[in-house]
Amino acid sequence: MTTTVEGQTTRGMRAGLLAVLARVWLVPIAVAAWELGTRQAGSTYFPPPSQILARMYELWFSGPAAHLFLTDGALGDFLPSLARLFGGWALACVLGIGLGVALGRSRKLSGYIDPLVEFGRAIPPPTLIPLFIILFKMGTQMQVATIVYGVIWPILINTIDGARHVDRVHADTAQAFGLGRAQRLFRIILPAAGPKIFAGVRLSLSLAVILMVVSELVGSTNGIGYQLMFTQQNFDLSGMWGAIVLLGVLGFVLNASFLVVERRVLSWHRRARQTT
Amino acid sequence: MLDVVNLSHTYGEGPNAHQALGGIDLKVAEGEMVCVVGPSGCGKSTLLRSIAGLIRPTEGQIRIRETTVADTPGDLAVVFQDYSRSLFPWMSVGDNVALPLRRRGKDRTARRAAAAEALEEVGLAAASSKFPWELSGGMQQRVAIARALAYRPSLLLMDEPFGSVDAQTREDLEDLVLKVREHHRMTVLLITHDIDESVYVGDRVVVLTRSPARVAGELSVDLPFPRDQIATRELPAFVHLRAEVGRLVRAKKESPPVQV
Amino acid sequence: MRRLRGRTFIIGVAATLALTACGSSNTGSSASGGGLEKTTISVGVLAIGDVAGLYIANKKGYFKEEGLTVKPEILQSTQFAIPKLLSGALDVALGNYFTIISATEKTNDKFRFVADTYQAKSDVFDIVVPKDSPVQSVKDLKGKKISIAGLNSIAELAVSTTLRVSGLDPKKDVTYMPMAFPQAPAALKTGQIDAAWLTEPFLTGVQKDMGARKIADTMTGAMADFPIAGWTATEDWTKKYPKTMAAFQRAILKGQQAASGDRKAIENVLPDYTQIKPEVASVINLGAYPTSLSATRIQRVADLMLEYGYISKKIDVTPLLVPLPQ
Amino acid sequence: MIDRRVVVRGAAGAAVLLIAAELAGRSGLIDPVLLPPMSTVLAGAAGLLADPEFLTDLWGTVIVWATGLLTAIVIAVPLGVLLGTLPRAELAARPLVEFMRPIPSVALLPLVTLLIPYDHGVKITVIVYAAVWPVLINTMYGLRDVDPVAKETLRSFGFGRLAVLARVSVPSAAPFVLTGVRLAAATGLIVAISAELVAGGTDGIGAFMIRAGSGYRTDLILAATLWAGILGLLANMLLVRVQRWAFRWHTERTGA
């Protein structure tokens, strides 16, 4: 994304610097406004960012160098949260893409299932937590189930759409050359639906962060969502804000990394669109 | 080789039904190059798609080497008009050409070698690692031809293969098809709306009527090989054949228009 | 005043979101109702037995007699009563003493208890285990998972004191699983927790439905007759609306008296504001409905919280109480 | 218009699921003590329609959701148009957007509650916070995806930037915006009910669920969940209709 600067000329470096600056100049201004505003307000519930950062450092980032400066508390909360997040998200991807291709390629099947899909995705996942507690084990299983349920819909809907509208000439070509089922799936349908699938998968990633938090509010003893609830119930407001900031950073990093992957995998799509 | 008997096809049902093919009989002999010509929208593509097994005709029979075509026959290749959509943009040129060879049970190296050979033959040896959309239209259609060549089909179907390229490229591609078919002794069924083209590349020209399409007539093309874009087209025989085909196509143009 | 200015500023910062900040709660004019500053008040309640006194007072017209209209608003927990009281969305809310005292120490917020609501009695808050559990006594809970209704709460305090009495260390010997009461029965039945700290109607429910066994009443010993919750308002509110507050106190007092003297009255109102089935309402154990606001009694909460380290310094609760009108 | 086969198949699919759920309960595969059988839930759901309190709750959810969604559109569309047409501003705002977007609005609930002294206002605000992003991002994306040839055509006739924006960019971005609105509607309903579940309030399906939960009535919780799903389904159907209608308008407009 950042312009790569070829050569070592100062002009090139300056151009690169300006490009970075154009992206980030608003961030310090926003943080400064936040700091000033909260200082002015002086409310316990709205601590200034400097105080939040100090609390975050104290809670999570003052650990030994061997643990990348993460404290035990950080490791105990971040790792389970991330495991649930990625576990649930990955499972949702597999199920969503698998089911989506099946529904997208079979009119008959989708006739039976479509109304259920429409109904299922309309149910707010938090209302299903009591049900999931009964169906799955409390803790990780229930949390992963909640995440899967919450994030599968964009993947499923986009995959159905992508698989249903594979270009007819592509499909004909594959059929005329007599490609087998597996090859048609992996070589034609999935790549053709790729851009749509990726759009759904990306959307579901930011949803997964939200559902991770929601699922950790019930019957959990660790995780970032648990921290959020714990700090809130203990009136540790800087700590609570710290958890909120952490979620923002986590979402930001996930989204940015995902874009890098998407660029690589879908480079054909982007470049093909540019040339035509 | 190919035997089409009384082929009819109707799209839709009831009052909205549209009959595209009205009972077509067609034979293509082993090693023959047959061009099917007809006015636009007469059902040429429906015919081709039926032979390729992409649609199931409402009536009639198609046999390839005495075997009735039910599903997609395993041994034919198709070159579509719309190269930009028949090549897969997410695969390199080499992969595009090699893809159907998986069905031939070849291993990776063999597939690559066959693809390289076919690309060499169409003059695109250097483009193997490029993506289709990085090539010009004519080059993309060459890739599609290479893909069909590498597959070594017993029957090659071409659906207006040169319909989307400029005149110069078109002539080059016509000569390319003549060359490779000569070299591989392939059986080809080429569909086109271009009368000159059908006479120039074909051994035989079959003319279809307007929709619902029937065979209006057919002509043997006994022009000498190798053919040449300038010399062949100057031959009196060529001019005569062209006029004959034109008359067949035109004759039906004057018949009362059929509702679409 | 300082906080108010800060709040206004933040609304300014979040200007885009503040479109809806207008239209404060239904502030009635002060003209009617015997000089009350406010005739309609929003009251935060939980859908549990604690607030029966309020609903009885409402049903019997005690609020009307005082010229007050009470609009109840369901709360999920006292946690959410605090910001709603501070913002002015609620005038009065059911506040459990533990949470309000904890908030008083950790934030600068000043709350006042305007009436006592609910007090524990025997078998109102029990620890239960599944029918076939090997756990026979509190001692057997060592190394087990126990569900509690919330962290840093009366739930944690009650279970901790019970464990301590049996020689267990609540910090090391057990794992607390925070979950709302409605989720605990399923977790208990499926073995996801070993024991649950429950109140009614869940206690009766799990004993009837799945034969769960009580192993301890947590409201004994140091916590016998423990004060649970009171009607809470902010200090600012009590100063701004003294007459409204007094009217509320008088009506609620009558309601509390009716509740403490007549169980039938409670059973009559429970189905109005909870989904407890009438047949269940008639068998559940209920706590007491105090008719006075006693500093000595409520001081016990603060003292026990200090003893167990939930607050770091001694808090005198007397200034937190608003004397009931005579 | 509606294919009868589609209706029959859809009904068959739903029936199979319901029967399977009922059987799972009756056969003891799922403990009936914990999870009431499907027939009980369905009966409960039907009964709720006659319960004026539940109808008030349902209406409460609909009100905050619709208001929140409309507010989000009013905020996000102009902002999206602004950022979509000013690449520099978009570049600068992107890190902030990407930072704020993944923060769950439910986590902000206590803070919003503190700021807004009005129960519905609190919920509307968190709905707006969650619903703004899909609309904003889709609007920005739609504006960037406008065919440059169309824009240049109009420019070549001497139209100004604003005219191009109004006549080409915004209309051709409209389908993207509507897709964003559909996403936002789904998110908004989820947030509305989640907020009610977490914070309670004067009314709302979530507040009803709190009452049902406090009364140890799993059957009523599930019945209310069913209605939440139906509500979402109806809203989506409505928006799909709107989208179809708007798409037609769009093609007519650009075709003319």
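Residue numbering begins at 1 within each chain, and the chains themselves are lettered A, B, C and D in the order written.
Simple rule for what comes next: a contact is a pair of C-beta atoms (placed from the backbone, for glycine too) under 8 Å apart; a residue touches a chain by one contact, two chains touch by 3 or more.
Every value quoted in this text rests on a predicted model; they were computed, and no experiment measured them.
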{"item": "Most distant chain from chain A, judged by the mean position of its C-alpha atoms", "value": "B"}
{"item": "Centroid spacing, where centroids are CA-atom means, of chain C and chain D in whole angstrom", "value": "34"}
{"item": "Mean-CA-position distance for chain C and chain A (Å)", "value": "38"}
{"item": "Between chain B and chain D, centroid-to-centroid distance (C-alpha), Å", "value": "50"}
{"item": "Separation of chain B from chain C, taking each centre as the mean of its C-alpha atoms, in whole Å", "value": "82"}
{"item": "In chain B, residues with contacts to at least two other chains", "value": "none"}
{"item": "Chain C, residues touching no fewer than two other chains", "value": "7, 10, 79, 83, 180, 182-183, 186, 190"}
{"item": "Numbers and ranges of chain A residues touching at least 2 other chains", "value": "45-46, 130, 134, 232"}
{"item": "Every chain pair in contact, whichever chains are involved", "value": "A-B, A-C, A-D, C-D"}
{"item": "Residue ranges of chain A in contact with chain D within the complex", "value": "22-27, 30, 45-46, 108, 111-116, 118-128, 130-131, 134-135, 153-154, 203, 206, 209-210, 213-214, 217, 228, 232, 240, 243-244, 247-252, 254-256"}
{"item": "Contact set on chain A toward chain C in their complex", "value": "33-34, 37-38, 40-46, 129-130, 133-134, 137-139, 218-221, 229-230, 232-237"}
{"item": "Chain B residues touching chain A - in the complex, by the definition given at the top", "value": "49, 52-54, 72-74, 76-78, 80, 82, 84-86, 88-91, 99-100, 102-103, 131, 133-134, 147, 151, 157"}
{"item": "Footprint of chain B on chain A - complex, ascending", "value": "167-170, 172-173, 175-180, 183, 187-188, 191-192, 194, 268-269, 271-272, 275-276"}
{"item": "Complex interface listing, chain C residues touching chain D", "value": "7, 10-11, 14, 16-25, 42, 44, 46-48, 71, 73-76, 79-80, 83-84, 86-89, 180-183, 185-186, 189-190, 201-202, 205, 209-210, 273-277, 280"}
